[in-house]
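The structures come next, written out as structure tokens.
What follows is a pair of complexes built around chain A, which joins chain B in one and chain C in the other.
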Partner chain A sequence: MSESSLLSINDLKTYFFTAEGVVKAVDRVHLEINKEEVLGLVGESGCGKSTLALSIMRLIRVPGKIVGGEIWFEGEDLLRKSEGKMRAIRGGKISMVFQNPTSSMNPVYTVGSQIAEAIKLHQDVQKRQIKEKVVEILHKVGIPDPSKRMKDYPHEYSGGMCQRAMTAMALSCNPKLLIADEPTTNLDVTIQAQILDLMRALRKDFGASILLIGHNLGVINELCDKVAVMYAGKVIEYCDITTIFKEPKHPYTQALLESIPRLDVAKERLRIIPGTVPRLINPPTGCRFHPRCEYAMAVCSEQEPTPVKIGRGHTVACFLYTSKG
Partner chain B sequence: MAMGEPHMKSEDETEVYKPSMASRVYVVWRELKKNKLAIAGFSIVLFMVLIALLSPIIAPYHPRWQGTSGIPPSLEHPFGTDGQGRDMLSLVMHGARLSLYVGLVAVLIEICIGVTTGMIAGYFGGKIDEIFMRFTDLIMTLPTFMLLIVAVSMFEVRNINVIILIMGVFGWPFMARVVRSEFLSLRETTFVEAAVSMGASSWRIIVHHILPNTLSSVIVLATMDIPWYIFYEATLTFLGFGDPSSPSWGVLLQIGYYYLRSYWWIITFPGLALFFTSLGFNLFGDGLRDALDVRARGR
Partner chain C sequence: MSETILEVTNLKKHFPIRGGLLLRQVAAIHAVDDVSFDIKREETLGLVGESGCGKTTLGRTILRLIKADEGKVSYMGRDLLKLNAKEMRKLRLEMAMIFQDPYSSLNPRMTVADIISEPIDIHGLAKGNEKKRRIIELVKRVGLAPFHMYRYPHEFSGGEKQRIGIARALAGNPKLLVADEPVSSLDVSVRAQILNLLKDLQEEFGLTYLYISHDLSAVKHMSDRVAVMYVGKLMELAPAKDIYKNPLHPYTEALLSAIPVPGRKTRKKRIILKGSVPTPIDPPPGCRFNPRCPYKQPICGKEDPEFIEVEKGHFVACHLRK
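Here is the complex of A and B:
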């Protein structure tokens, strides 16, 4: 773990013990986020992105369980912390913005009082100052007339405003790491752009690192420094943002990029990746992508590829790049 | 809108700019107003509550006052007098005070035990849920009325508060079930997850985040349970297990029963009071449920 590293995930395994069998939602994942860095986490639905995010917060609930691994944050292993200490970290040093902004707020309290609650929980601030802080932070995320709108209930906010307010809440205690789980999925494009602008500004103003989860590569491209591609519970490729668009290595990443509609390339049809994400109760043997992979070799169904470094800060888990040697 | 009042806001505008908490109450009230039966129920309840509160002032006679016995309803005694010459109207008014007291306090006990049990079982789930709910089932399977009779007979002093306490202590299981089921579904919501992710403790989430969201169910159930307790107390008293020193409606019914052949009015008026009170609470509770239910709105 280097000096600049903020969060480092080692060999993390989060399994769900269901009646049908064990679902390996996150399986031996390695990931690293540096200070003031934005890491994008992409993958299809059900590939374990959200589970990974919730694992960092230790919010995995029964029947799920973090089975093994380490999550190092500021030099301490989060998985070894007591629940009480974890509570102080949640919302304080690491905070999270959920996918669905309108249902992330308690309908019976005003937006302002919910943000105030977060501040009260983590900071030693006097009553009068709390109100000022709420107004200030709502202003920062671009809520018009914050001293008045803070008295509104969540249902009186639009989806975009709710997302801003949730972001405001997440940032109210100056977290070191912000986990944003598909923060723009349910918003229309203009609001998406606003939220992205907001995040960019926040990174500059607050010096926070961001883990941005999404399946929209356009959004990821807008904001991130590095990208990790997840497939069926595993990180299969990890590199910086320019590399992934210029020279994606993993067949899945390549296919994923070719399935994005683009204006600058004339193409009759978009590429479709055949098949679906495998059920994680009974994943394919070897490389989990091999049944859908056009370059699949014999070794792919027999052994699991380990991530290998193929360039500066570029790792891939694929036999195309290891079996040559 | 009148021409001379250019600054007055139209109805729509005032609605939009209403302060939020008041607007919630206002919305419920507006919904309730649409339902004529609910308003009828609300009026009856309000009327009974006023009678109960003001009975020492507005009752024409003191409950212990005695005149000629067995006078049928007349101008001087609208509800007649009983076998001991007491004014029935005054007795029914004072009875309202006592019967409503019984209903309210018993429901408060029910809420205390039922809500606490339900929220702990529903939020924590698993083994805790199992233990709490099996205990609740146990209480539910007990034949409450027999138990009440036995329990009341065990106390030498027939005190109305003892009866209330016993009723409340055995009456909470349904409340617990309702609150538990609300907690079971609410704990899965995103806003609860978001609260956890902001570092809120379990207790804080239970009391500050989930409980306020269950309030409407609790209020409706409590409203419907009040007449149930009044009935229970009246039945107990009618059967002779009550507190004869407190002239609740049950006591009056019991007295009326003895005079049924000679003085019909003694049993009639307390009976009617009981009937209307129960009707009022039920209609009001029903209307309240519809008014509080956001999903049913706008149909």
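Here is the complex of A and C:
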């Protein structure tokens, strides 16, 4: 692990043991986030993005279990920490913004008191100062008239304001790592632009690292330095943000990029990825993308490709790029 | 291509809000407020806007799934809003809708064959073997296999369900299809399949689409012309090429600049709108966009701008463009 690394995930496996079988939601994933870096995690629904995020927070619930691997954060393995120590980290050094802002707030408490709770738990602040701190932080995320609006209940906020308040809560304790799970998915584009602007500013002001999870490649492009593409529980490609759009290597990444309608490029027809995302209870053997892949070879259904380095900071898990191919 | 198939004039739909002891009407949601446009035969008109702006209500009012308050919807010269139930039922054959949520718009207790045959039965289009042949043909056309017709909706993925919804919509040989966010609940890699299917069907059957969506990139891909809606009103209507290259309304401009584009780092300066979409219950006076508009003039808060043609085929409702 290098000096600059903040979070490093090694061979992580998170499985769900259901009546129908074992769902390998996250299977042998390696990832690294450096200090003050924004990593985008892209993938379609059900590919294990959110499970990966919850694994970092150790919030996986039964029937799910982290069955193997290491998650190194500031030189310590989070998976070996006691529940009490983990609780201090959640919301403190690592905090999270969820997809659905209106439902991840408690409707029976005011927005202000919910933010105050986070501050009380993690920081040594005197009672009198807590209120000032809440006002200050709401002001920072652009809530108008914060000393009045902090007394409002979540239902009195619009979707965009709720997301701002959630972000405020997540940032209230100056986290080292912010995990944002589809922070703009349910928002309108003009509100999305506001939230993205906010995140960009916060990154600069707070110097935090961000793990941004999403399926909208436009949003990812806006904020991220590096990007990891997930498919059916595996990270299949990892590189910096300009490379992914210029030279995507994995057939899935290539097809995904060509299948989205673009504002800047006119296309008569969209590229189609045949079939659907596999169910993880019984994923295809070998490379999990091979049944949908146009370059599939015999080896693809037999062996699992291991990630190989093909350029500076660019790894891809595909047999097309192993030494013999 | 130039023949007008549908003409909407001054369409209005206000939903009353009742309150108080006697349940008097205390306010109204101005869901669709004085909207006029037309759709040409075999074209796709894209209708974009943010959530709650009245896109869906507009689509449904046109098909008379919601009763309009005022205005005219003229379909090939006949005013749909004046037809009686029997006449309307006949015309329903020529119009169909594809719904946003394929999970809830298919009856879970019916097989695919039952779902697709419903419009055929209601209108008495075919019976017995002929009906079966027709269903198989439809199922195949949307990319499913004939054996799928005896299955139930829960056995299908989201994309396949949407294909079933499209097959149902095609069952009556419609001319006009209203597609309300047909791909927004689907996975990214499946969206392209459905969008391509819709385009192929349009070419094959000469369909006319009203394509409702909040996804401006998909609308650009699908549409010949695009209409932009904001709080119950149309703000701009123009050929797709023009509106994306040269938006004339400040709202359209802001909307377009807000979309993050993959793969482009040097982006145009972004216009960040302050605040959020006003509620349609009590829309702001004058131009509805004026509280958020970066180019606001005194007149904007007083007078409602007219929806006028400023360039050929390019309509806009803005005081700045007179």
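Just so we're on the same page, the second predicted complex is superposed on the first by the 323 of 325 C-alpha atoms of A that agree within 3 Å, B and C clash if a C-alpha of one lies under 4 Å from a C-alpha of the other, contacts with A are read in each partner's own complex, and residues count from 1 in each chain.
Criterion: a contact is a pair of C-beta atoms (placed from the backbone, for glycine too) under 8 Å apart; a residue touches a chain by one contact, two chains touch by 3 or more.
These numbers were taken from a predicted model, which means no experiment stands behind them.
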After aligning the two structures on chain A, examine chain B and chain C and state clash or fit.
fit
Please work out whether A:H139 is in contact with chain B alone, chain C alone, both, or neither, and reply first, second, both or neither.
neither
By the touch definition at the top of the document, which applies to A:K35: first (chain B), second (chain C), both, or neither?
neither
Who does A:E44 touch here: chain B (first), chain C (second), both, or neither?
second
May I ask for the angle at the C-alpha centre of chain A between those of chain B and chain C, rounded to a multiple of 10 degrees?
80
Counting residues of chain A touched by each partner, does chain B or chain C come out ahead?
C
Looking at A:M166, would you say it contacts chain B, chain C, both, or neither? Reply first, second, both or neither.
first
Once the structures are superposed on A, label A:K13 by its partner contacts, choosing first (chain B), second (chain C), both or neither.
neither
Scan A:A193 for contacts with chain B and chain C and give back first, second, both or neither.
second
Upon superposition of the two complexes, what minimum C-alpha distance (Å) separates chain B from chain C?
8
Counting contacts the way the document defines them, which residues of chain A are shared by the two interfaces, the one with chain B and the one with chain C?
none
What residues on chain C touch chain A, complex-wise?
50-51, 157, 159-160, 187-193, 195-196, 199, 214-218, 220-222, 244, 254-265, 270, 272-273, 276-277
Complex interface listing, chain A residues touching chain B
57, 59, 62, 87-92, 95-96, 98-100, 103-110, 117-118, 121-122, 151-153, 156, 166, 169-170
In the complex, chain B residues that touch chain A:
19-20, 126, 189-191, 193-201, 208-209, 212-213
Residue set of chain A touching chain C in the complex reads 44-45, 158-161, 188-194, 196-197, 215-222, 242, 245-246, 255-257, 259-264, 267, 269-274, 276-277
